[in-house]
Amino acid sequence: MLLSKKRLAHIVFESDDRASKAFDLVLLLLIFGSIIVAILDSVAELHLKYGRIFLVLELAFTLLFTLEYVLRVWLTSKTLKYVISFYGIVDLLAILPVYLSFFIANTHLLSVVRALRLLRVIRILKLGRYLAEAEFLRESLKASAAKIQIFLFMVLTIVLIMGTLMFVVEGPEHGFTSIPVGMYWAIVTLTTVGFGDITPVTALGQLMASLIMLMGYAIIAVPTGIVTSEMARRRKSESLEDLKSCTFCGFDRLDRGDRYCRNCGEKRVNSPD
Amino acid sequence: MLLSKKRLAHIVFESDDRASKAFDLVLLLLIFGSIIVAILDSVAELHLKYGRIFLVLELAFTLLFTLEYVLRVWLTSKTLKYVISFYGIVDLLAILPVYLSFFIANTHLLSVVRALRLLRVIRILKLGRYLAEAEFLRESLKASAAKIQIFLFMVLTIVLIMGTLMFVVEGPEHGFTSIPVGMYWAIVTLTTVGFGDITPVTALGQLMASLIMLMGYAIIAVPTGIVTSEMARRRKSESLEDLKSCTFCGFDRLDRGDRYCRNCGEKRVNSPD
Amino acid sequence: MLLSKKRLAHIVFESDDRASKAFDLVLLLLIFGSIIVAILDSVAELHLKYGRIFLVLELAFTLLFTLEYVLRVWLTSKTLKYVISFYGIVDLLAILPVYLSFFIANTHLLSVVRALRLLRVIRILKLGRYLAEAEFLRESLKASAAKIQIFLFMVLTIVLIMGTLMFVVEGPEHGFTSIPVGMYWAIVTLTTVGFGDITPVTALGQLMASLIMLMGYAIIAVPTGIVTSEMARRRKSESLEDLKSCTFCGFDRLDRGDRYCRNCGEKRVNSPD
Amino acid sequence: MLLSKKRLAHIVFESDDRASKAFDLVLLLLIFGSIIVAILDSVAELHLKYGRIFLVLELAFTLLFTLEYVLRVWLTSKTLKYVISFYGIVDLLAILPVYLSFFIANTHLLSVVRALRLLRVIRILKLGRYLAEAEFLRESLKASAAKIQIFLFMVLTIVLIMGTLMFVVEGPEHGFTSIPVGMYWAIVTLTTVGFGDITPVTALGQLMASLIMLMGYAIIAVPTGIVTSEMARRRKSESLEDLKSCTFCGFDRLDRGDRYCRNCGEKRVNSPD
């Protein structure tokens, strides 16, 4: 069957009728499929056993993704904008390496390029669009973003100072080989992850580590406090929905208990008394 | 003494009179006993010393549990429904392996089967029924379930992407032997557990690890925020439910205890006195 | 100067005049001193250098604590009650081992006894009495205690089941030598401590570990939610202090906005209108 | 161009006109620059390659910081107060070591002195002044400081007791070489960092470790609760401050925007219009 370009564009970019919904669904399945193949192929045993099958599947997925990419580039009204957009680049990175890998002899470079194709997992972010419910969380986080940024800035300051001090106190011989490594350790510790790959050995180092740990213990409360109070605020504003409106001036922010409209001063019909 | 089947069923499935309460209690003690025996038997030294006693006890428990299982199957009106229910399967798994282990020669298979019988610890969940107080927590969690699911979905997306990137960056030679392992590491890190069995070695890897740790530090706030604000809401709604309204002026913010409307001064109908 | 037994008892047990306050202070300093000595003495290098001095100091402290103990036993009206009380036993454990150590030849037993004397650090809990401010926290925790208990019960159930499953899946060859060890690992993981002394090696084990970690991540919110909402509630009830009382019936729970007493129905003096 | 001392002082200490703002900016860039150089120089490879360049840059920064320090000392009205102030000492520590390092032969002492100069990272705290937004967080933390202090005191008590008990139970042969080390371990565990450099081996030790972990799990809620409820309170009080009251009926729950009293219907004096 033949489709007008306009119709095609609608199917590809919208999702409001059967055809476009189907297109989205198929795309989702393809993304999932390619990710699962990539995951399985990364397991040595499976790669040895089914490497060939995975390769075929991967090429198939790549062809389909290429088709999608070409379609998008061809159909979109603002081609450039899409190509240089985040998803545009991700979509390209998901297919380009596979083609490049054919023209590369150097085995090391080849492995790098082949690794790059795994970046297609990032396309899973496209699913986000289909989760309306995720809004609440995203907004809560966005609303708190400013505060969280400052918080992270504070954390990084502590990390910088502590990382440097530990580098000075413990030194390379105890694994704190440089300030960046010290900062890495400080983050591992402050976030209470505590891998234990690098640990203070000297008494002074352990004392300072204890301080930073207690600090982390005390300030881990801050982001929680921010997000929680933010969410509580949202809930309240939502609960404002049972507001009444004035039958005269239509002012719509009256509480149940109001006896006179606080906007026009008219006595409210079915007012408490 | 002889019991009608109806009476037996009542004793087994209800818990509203002495006999049925006693049945529940005995069952609880048996479950606890069998679990304790299983735990002790799993300790090598104790197994060597008291292995025989444990075996006897286990057989005794198994017989009793078998009796219970048969009773339930025989007495329940909807046998199939019970048999294929979660607890039905757990109850069966708690006894079946012990019997199977008699007919198995293959030592390896035997050990597997014997291990399976430990699944009877899951029967401890039956105690949940006896904790009315647990309701509050369970409901708070259930009410937040939807949000927590989305949250976990977000987390898993981060885990998938980060796990893949770390696999690409660090590679098998540093313990990131496959994407699933990389995802395992990402979960270990994002949840701030940080075993340290696998840790980034390259500078880039440590940088990315730092990012994921700070991310985890920032988003650990989200589930807390969800549950906390949910609990706060519950408290409030509970304390709001017992607001009364005046039958004269309709003022609707009276406490149960008010004897006169605090707005129009009218004596309340069905007021406390 | 000679003191009546009554006066002495007052000094020892009360803390409302200069003498008794001084007694408390001296006691505090002694407790701190003995703890610091114990800490320093536990450091091998310091023990070698200043072992003798520490020993002398320790004996001095012991004598003084003995004097205090005897005083308390002699002065208190209900001797037995004190002796078998928590602090009574702690006070005794703080001095007894030192005396015992003189009559013990067996070196191993000796070291155990000498170790026991360190239990005197527990006496630091006595300071709690002097922190009125600590009340708020203690009460918040106490008020939430019931919920937290149930929460811990839930956690322990998860720990029991997960510990057993990991013992079954990973087995002794991977460090999960028994169910108790498996439960220890489950606690280490669920609380996000993650020592890494025992870690899953098999794919299935790592998958289950991931589940328990995400679970811990989701339910770590619960205790926080409990305590936070509890604290919020407290604050609010505190803020109820700006309540008005009726000038007729003295009913003291009127809101600022009430125009008639909700208890006796009288129009309020300086009522809003 | 020639500047009056007064003018210079203004440029150095204020930040309200172009010149002084420029001075601040330049200073910020210098601090950042010196920190970045220090960080890069701490990386062995980079030090070998670019050591000379870093040295030159460092000397340049040091000269400029010296100039700044001299300026501040010369210009400030209360010299001594600045010199012995926190930032005064930090500023000095940022330059002194570099000069000292020229007059020191002893290589070990030299390395120590050279390490000290890294303390200049602490100057990053000066940036704090430029973050007005950080106020909210700082105040929330300050307001909760008292409670957090008590909380930390509680934590330290638990740490002292647990550290001692673990030293008694596990002993030096399992890495708990002294009470301070035991306390270090207790902090690592209670804060859920869990490095794993020291872990309990005996059954009793693991049991006690489990207890302390669950304790930490339950009390990690406290600081969060404190800060969160504090933040919530702030929000509310902020949103309450702008409530107005009616000049006729005294009804005191009017919003700023109300034009008529919602209780008596009177037009508000100084109402919006």
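When the chains are written out, they are named A, B, C and D in that same order, and each has its own residue count from 1.
Rule of thumb we're sticking to: a residue touches a chain if its C-beta (ideal position, glycine included) is under 8 Å from a C-beta of that chain, and two chains touch if they have at least 3 such contacts.
Predicted, not measured: the structure shown is a model, and the values here were computed from it.
Here A-B and B-D were compared by C-beta pairs in contact; the pair with more is A-B.
Counting every residue number used by either copy at the chain B-chain C contact, under half are found in both chains.
Chain centres here are Cα means. That of chain A falls 29 Å from that of chain B. Spacing of chain B relative to chain D, judged by their CA centroids, is 41 angstrom.
Residues of chain A found to touch two or more other chains are 151, 180, 192-196, 220, 224-226, 228, 232. Residues of chain A touching chain D in their complex: 146-147, 150-151, 153-154, 157, 160-161, 164, 167-168, 172, 177-180, 189, 192-196, 199, 203, 206-207, 209-210, 213-214, 216-222, 224-226, 228-229, 232-233, 254-255, 258-267. Interface of chain B with chain C (complex): residues 35, 38-39, 42-44, 115-116, 118-119, 121-122, 124-125, 127-128, 131, 133-134, 136-137, 140-141, 148, 151-152, 155, 180-181, 183-184, 187-188, 190-197, 220, 223-228, 230-232, 235, 254-255, 258-267. Chain B contributes residues 192-196, 224, 228 to its touches with chain D in the complex.
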